[in-house]
């Protein structure tokens, strides 16, 4: 499966072909984020920024292929994982995203945050989707002002004019738009809340997120579905995105995305720190997992 | 109906009598915001600010009449539209609002954000409501510090001591309190989320919002009811009110109001850009509409 | 009951033994916040800060005992009240909290916001709970950067690995971490939203919050449970925590906590100002109360 995924990432003229890394390390050797039961952490398509001699980022066009596939368990994926690949780019970059549809229904990619023309909207009324066995090419522009933690998802599968059933079955992923000077983490984790799931699983099948004491860890949290959630991480706290407030729990509902960075175990030490939705019936139904901070 | 509504807006000494404008233009000729099926955009009662020779705003008292009416389809309205008139004032202004009750039940106006004495609270325990066939006069003061996007609604219709059934049937509207220096939009749209509705309608009866490429457009979003929502607009993004975070989706629940301004089609061009609640079962039930950006 | 509670607060070397005050006054004589039907306002364990001659706060360790008890009505409490005691400390302080379990099930204290080692997590997998008839000692550190409005609650009662039934029955309270220079209120009120309750009661059994015109009043709002809420206070508005936005209504869901300070009746005068959840079915079910501003 991985070799197929690797092949799906097509090199640009300025970017050497590279495999999608199954875990996320910035500036260090690649590692693997283990899951208790093996559900994989999504591949990461890193920006691998190049700078000029004066420190400016060289903008580039990322050529990325997403293959919409059905897994044996009936779930739907981009490139075989849930979430799909995490795409990291910089303000000024562009993405040419080729969607290959191996499903038997229309499928699309709708993205949040960045610029795109109406024909890259990923919706039915703009006819920007791929038919079964077909392809569709989307173009995204990370214009200045679009830095942030965004996401992409199917927007056509399901009844009604705007499908959301593809999302429910797994067709979603994260998009990071960085800008020069953003603090870079040692690791990035993606947690998507939907129903009583993290990444379409309940405990103990939720991701086991691992870091060493003192590593800078970035949590990207995205929500889909029809239920409201509050994300809580034990033993850590952070500045709310865009405000001066320190929080350790936040509300997030369908279509929203945010992120925070923490120093693993800072002031609290190693341990298995629980992350969970704080909504009572959700946690009772297994909407929890662990952030394992190793000494 | 409109002539009745016009009559309901009583001129002040310093403000010439004016018709309620069925669409919202600032600094340009009045226009009309068309709805796919004709449900009207609420009338706009503009601040029409006057300034001194040194640029200071001349505070004024706005005399406004709202007539609580039942429409043939059973819905309840202030002045015949859902939402009721959008009221725009400036910090320093006051509003003397006369509520005329043409219903067969008590009705009130409760306002958010601005100052008012307890006898302008619009609640049952303060007896600040109009009986059937009667009137009630409310006084609001937009004291310094109250600039923002607020709203008003009935607070007495329904079972229990605090009615919310009037809101459900249409008794709500927007209040804008501006302050000197606020960027003024070319157009203002009001979208109220309740149940799976925008402005008490599902698609295709939701408002079709129209603007020309490059116009500065203000979206005021208000929520009522018993369901949670996330507002999403395709192809555009904005700074979250009061923070430095760029978003294109936000959670909003009953009683909350906010707004954002975008440049229509900026960086993305013309098109029919969807707005919708991102909650899965809501969008499946038709909680969506279009922002048509013309070339 | 109160004498028992008083005994439960053990003095530190630097803090004289003191009774928990049944109402909250800063810098003035103690008062009582009356409830319409007598449900008590939670006791307040004040920081009683001491400063050096140069104005620096002298950090201290607070020794606090919480006794988990079942009340005759079947509800569960820390020290006999719902919410449990409000704990106020300063950045730099530590808390040694002894939990005494008088229940017939395991019980714990999990805290938000501050630092603590894994063995003070209050969870089952860390075995940081008190068995029936037993005790457990937690250590919290209010490290720099943890100032804010936090809360504590049981994390082990109930089915599944992480109990939330103790919270539902009343095992929760507020934690305030102040920092030097924070504006101190004349009074602090705690309102916890859960189901259609404030502090596990519906109107008219919700707290009647009383203040004199012009007093600086702090509202701490916390949410638990499985329903979403929007807190609204009539006649007042405030700057949203951490932002520049002025609001009078906000969304809050399980596990979140925030606070705001208002000047009682500022610009609006005395009156019975309603506070309520703005979600329609919640207010219809009695999720409301009053903030009585006396002349």
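In order of appearance the chains are A, B and C, and numbering begins at 1 in each one.
The definition used in the following text is that a residue touches a chain if its C-beta (ideal position, glycine included) is under 8 Å from a C-beta of that chain, and two chains touch if they have at least 3 such contacts.
Just so you know, these numbers come straight off a predicted model, no measurement behind them.
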Inset, instruction - Go ahead and align subunit A to its copy subunit C using Cα positions, then give the rotation in degrees, nearest 5. - result: 120
Legend entry - Homomeric contact subunit B-subunit C: same or different residue positions, threshold half: different
Inset, instruction - Give, as an integer number of Å, the spacing between the C-alpha centres of subunit C and subunit B. - result: 36
Inset, instruction - Provide the list of subunit A residues touching at least two other chains, using ranges where the numbers run on. - result: 228, 242-243, 251
Legend entry - Residue numbers on subunit C that touch subunit A, as the complex places them: 110, 112-113, 115-118, 121, 123, 125-126, 141, 143, 145-148, 150, 158-162, 164, 167-168, 224-226, 228, 241-243, 251-257
Inset, instruction - Using the touch definition up top, name the residues of subunit A that touch subunit C in the complex. - result: 203, 228-230, 232, 234-235, 237, 240, 242-251, 267-274, 276, 278-284, 286, 288
